[in-house]
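I'd like to ask you about the structure that follows.
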C-alpha cells in the first residue's frame, strides 16, 4: 500500500480504542443490535450466546468479538441515531427522518440556542443537544415529572446532559428564554405554544412543530399566521427502504406510512421601527 | 408583558442587528426570496420595486422593509438551507431532505472529521461544514477544477471556508485522510470509491452515498458487502407538502418524486487482533 | 411464421380496420397524442406537419402514417383512459388511478346499476359506463346545466351515451333510483349525499366518494357511521412513474402528489327483519 | 318517506335476497370477514361464537345476523375484490390497487379478449373475467399444473369459469390466440413473452406486465422497444390509508411499501401496408 500523505488537520495520533465506561453498539445483524456499557465484569446474554464485554477494552471500534457460541458480533461506536433508537421511551418519539429534516430546515448547529416544549422521552432533545455542542444549549420544558426523569437518564447515557437544561413547567404560561435561534413544539396542543415561542425567539428565528394529525397542523398554522410568523410550511417526510441485491433490486415490502407532520415558520418583528 | 426570569446561559446581551457585509434573506413570499449582501450602496431590483438595503443596517433580523412601490418584504437571517438553495450550481445538488437524513444517520456534528468524494457545487459540503464547526473539518475531493472554484465561492458566501479543505484530485486513487468519522460518496461510479473510503475511515466509521439510479445502488452495495462494511442500508427520502388551511387541508398537488437513493454502511476492522 | 391453432372462441374473422367516423388516437410520442375523428376530408395540423386522416381508412389500428413533413405517427384505438384524458373539462376531473381503484373496490362491471352525484365533466361517468356495458346503467345527477351539456358531449364522443341517464337535479333532495349496486359521490359536500345514497342503494351496496380535502373525508365518515354504513375505508392512491433505461433505472423526477382521497363503505339493512 | 318516481331502466322488481348456494361475505369488522357458502346445514365457527348460515336464506344482502354469543355480523354480497382477497393462493397475488390500474390503462371491459401468461393462483384472471363478461373471454397460460387447478377452483367459487380458458402450456413457445385486445404478463421472465404476446395482440392492442423488481422492468422495456411496442410506461401504484376521525385525522401508521411495478405498452404494425 502506498504511503499516505496527510492533509493538515487530519489527526494521525487519533485514538479509536474502546475504553471502560464507554457505550458500544454490539451489532449482530440489522435487526439485532444492543447498546451496552463496557464495564470490567459485564456480560451480555443473547440468543447466540453470551458476550464478555471487557475483552473489547483497548480494541478499536469496528472490531469483532465472538460470542460464547462462536458467533461474530461487531463493536461499533454508537451514533446519535443509535442512542435515539435505543433510548428508553414512554411516549411516541420523534423519528430520525423527522429529526434530520428539523436539523436542515432550522439550521440547528454548533452554538445554537434552542427552546423546546414537550421534552417527552428526550429523544429529539438528545439529537438537538448533539448538534449545538459545544457552545450552544437546549432548554426543554415538560409538565410531566416522570418524563423529565426519563429524559435526564437518556441524555446522561448519551453524554449530552451538560448541553441541556430540563425544566418542569407549563410552557404555555411563558418561557424563561429569550433570543433563541430555534423553537421546537412537540405537544398535543401546539397552537397554545405559538405566543410563548414567539416571545422566546429572536427576530427571524425558526420555529418547528411536530404534529401527528392534520387537524393539529390546521390549527397551528392559523395561529402562526395570526402571530407574525412567515414562511410557514408544512410537510411530511417519508422514508422507503430499497432492497438492493444484484439483479433483484426492489423497494422493501412494508414501511412506516406516517409518523407526524412537520411545520416550520420564521418569526418577524413587525413592531421594530429600526 | 410579564418580566422574564432567564435561565442561566441564555444571553440577554444578544445582538441580533443586521450589519454591513452580512447576508440577508429578503423574503417576499414562499416562492420569492433573495439572498443579498448588505452593502452601503446596494439596491436590489424586484418586480415589486427596488429595495435600498442599507436602511436595514442596525435593524433586527426579522424586521420589515418597504420596496419603492410600498410592498413589505422581510429581512431574515439566512439558514444553512437558504445558503444551499441559493448556491450557484452547475450540477444537480443534494436536496435538503437528503442532507437531513445524512446528518441523522451519520451523526455528523461538532468535531466530526468528514471526507467527501465529489464536491460538485459544494452544497452538501457547505451543510456538513456547518455541522462540524468549530473543531471538525471536511475534506472534499473533486476532479473537475471548475466545480472546485464554484464550491469555493459558495462556501465563502456562507462563511464556512475555514472548515473545509478542497482538493483537486481523483479520489479513486486514494485519499490523504485517515481516521475520518464519516465518508461521503457523491459521484457517478460510487463503487469505485469503496476501497479508498474504507482506508480513509476509522473503525466503525460511517459511509453515506448518494446515487440517483437503482443500478448504482446495486453495484455499490455489492462492493460494500465485499469490503468489510456492515449495517448496509439503502433508502429514499420523500417529502410531501401539506397545504394547511382551515377546513380545506390537503396535500400539495405536485411534488418532487425522486432525487437520489441514500446508502449507509459502517466500517468493520476484521483484521484487528486487539 | 408457424401456423396458429386457435382456441375455441377466439375470433379469426376479427376486423381491426379503421373506419370512417371512428375516433383514432394519433400518437407521436408520450406527451403528444391527439384524439381525432376519421372523416373523409379531415386533416390535423401539428408542429411536425399536417396529417391527412382519410388515408387511414381501411388500415389496421396500430398502423403508422406519415405527416407532410415525413414524421411517423401511429393510429391507435383509443382506450377509455384516452377518452377520459382527452375529454373536454371545466372542472378538476377524476384521475385514472382513482377510477381504477373505484372499479376494483366497488366491483362495477357488466350489468351494474350505478348512481352518481356530481356528473361534472362526465369523465368518471364515462369510465363507469364503459364498465357496466351492455346491460348495466349509470344514473348521474348534476345541478349545473352547463356541466350536463359538457358531459353529454364527452359521453357521445366515447359512444357511451346509451348507458347513461343524465339528470339535472339536486341529488341532496333525493334520487329517483333504488336498488343501485354502487353509489358514487363526487361533490363538495359529500356528507349531504349520504342519506339519499343510502336510499338509492340495495342492501350491501357499495358507496364510493371522492374528496380532495381531509376535512371532507372527516365529515363524510362521521355521516356514514351514523347512517348504517359499515366497512368504511379511506385512502389515497399515489402513482409514481419509473424511468426504465438499461443501467440507469430510477423513479421519475416529478409527480402528482395528491388528487383526492377515496372513501368506500357498504350499506347495511339493520331494520330488515327477514 | 316520499314516494320514489323511478327513472326508466331502474328495476323495482329487483331481488336482493340471499339464496342457498350463494356466497356471502360475513362481516364482523374490517379485519375479520369470512367468505362463506350458504348451505342448509352450514355453520361457521368464529371467536364470537358460531353463526347458523341458513337463517340468512331469503333475507336481503346487507342484513345482520347474530352469532350464538349474541354478536352482530353482517351478510354482504361479495365483490370481486372480496373473492380476490379470499382466494386460495400459493403465490404472491396481484393486489387490488394494481388490478385497478390495469383495468383503467388497458380498458379491459365487457367484450374484451384478454390473453394472460402466468395464471398463478388465478386472482388477476378472476378480476379480468369479471370485467369481460358476458361476451369477452380470458385465455390464461400456466406451466405449473397445480396452479391451474388452484386457479380453476378460485374461478369456480366466483362463478367466473365460463369466461376463462385455462391452458397448461409454456406461453414462451407461442400462444393459440390472435387479435387479443389486451395481453397480460405476470411471470418471472417477462421479456421472454414480448414476442409471443406481440403475435397474440391485435394492432394497437395493449400489453400490461407485472414485475416485482426494477431489473425485470429494465429488461422488459428494452425488449418492448425492440419489438414494435410504443407508448411504453412503467409505474408503481401506492395506496396509503387515511384514518378519518373527527379532530384526529391522519394517515395510517403502517402500509405496504411495494408490490410490483406495472408496465404498459401498445402494439404497432409497422409492416402494415394498408
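Order of writing sets the labels: A, B, C and D. Residues in every chain begin at 1.
Everything below uses one rule, namely that contacts are C-beta pairs under 8 Å (C-beta built on N, C-alpha and C of every residue); 3 or more make two chains touch, one makes a residue touch a chain.
Just so it is clear, the model here is predicted, and its values are computed rather than measured.
> State the pair with the higher C-beta contact count; candidates are A-B and A-D.
Result of the comparison of A-B and A-D: A-B.
> Specify, for the interface formed by the sequence copies subunit C and subunit D, whether it is same or different in terms of residue numbers shared by both sides, with half as the dividing line.
Same: most residue numbers at the subunit C-subunit D interface appear in both copies.
> Starting from the mean Cα coordinates of subunit A and subunit C, work out the distance between those two points in Å.
Whole-Å distance between the two chain centres: 47.
> Taking each chain's centre as the mean position of its Cα atoms, how many Å separate subunit A from subunit B?
Each chain's C-alpha centroid was found; their separation is 18 Å.
> CA centre of subunit A versus CA centre of subunit D: separation in Å?
Computed from C-alpha means, the inter-chain centre distance equals 45 Å.
> Could you check subunit B for residues that touch two or more other chains and list them?
214-215, 236, 240-241, 247, 249
> Help me check something: in the complex, which residues belonging to subunit C touch subunit D?
1-2, 4-12, 14, 16, 27, 30, 55, 58-64, 74-77, 79-81, 96-97, 99-107, 109-111, 113, 127, 130-131, 133-135, 137, 139, 165, 167, 174, 176-180, 199, 202-206, 214-215, 217-222, 230-231, 233-247, 249, 261, 263, 266-270, 272, 274
> Taking the complex as given, what residues does subunit C use to touch subunit B?
212-215, 236, 240-241, 247-258
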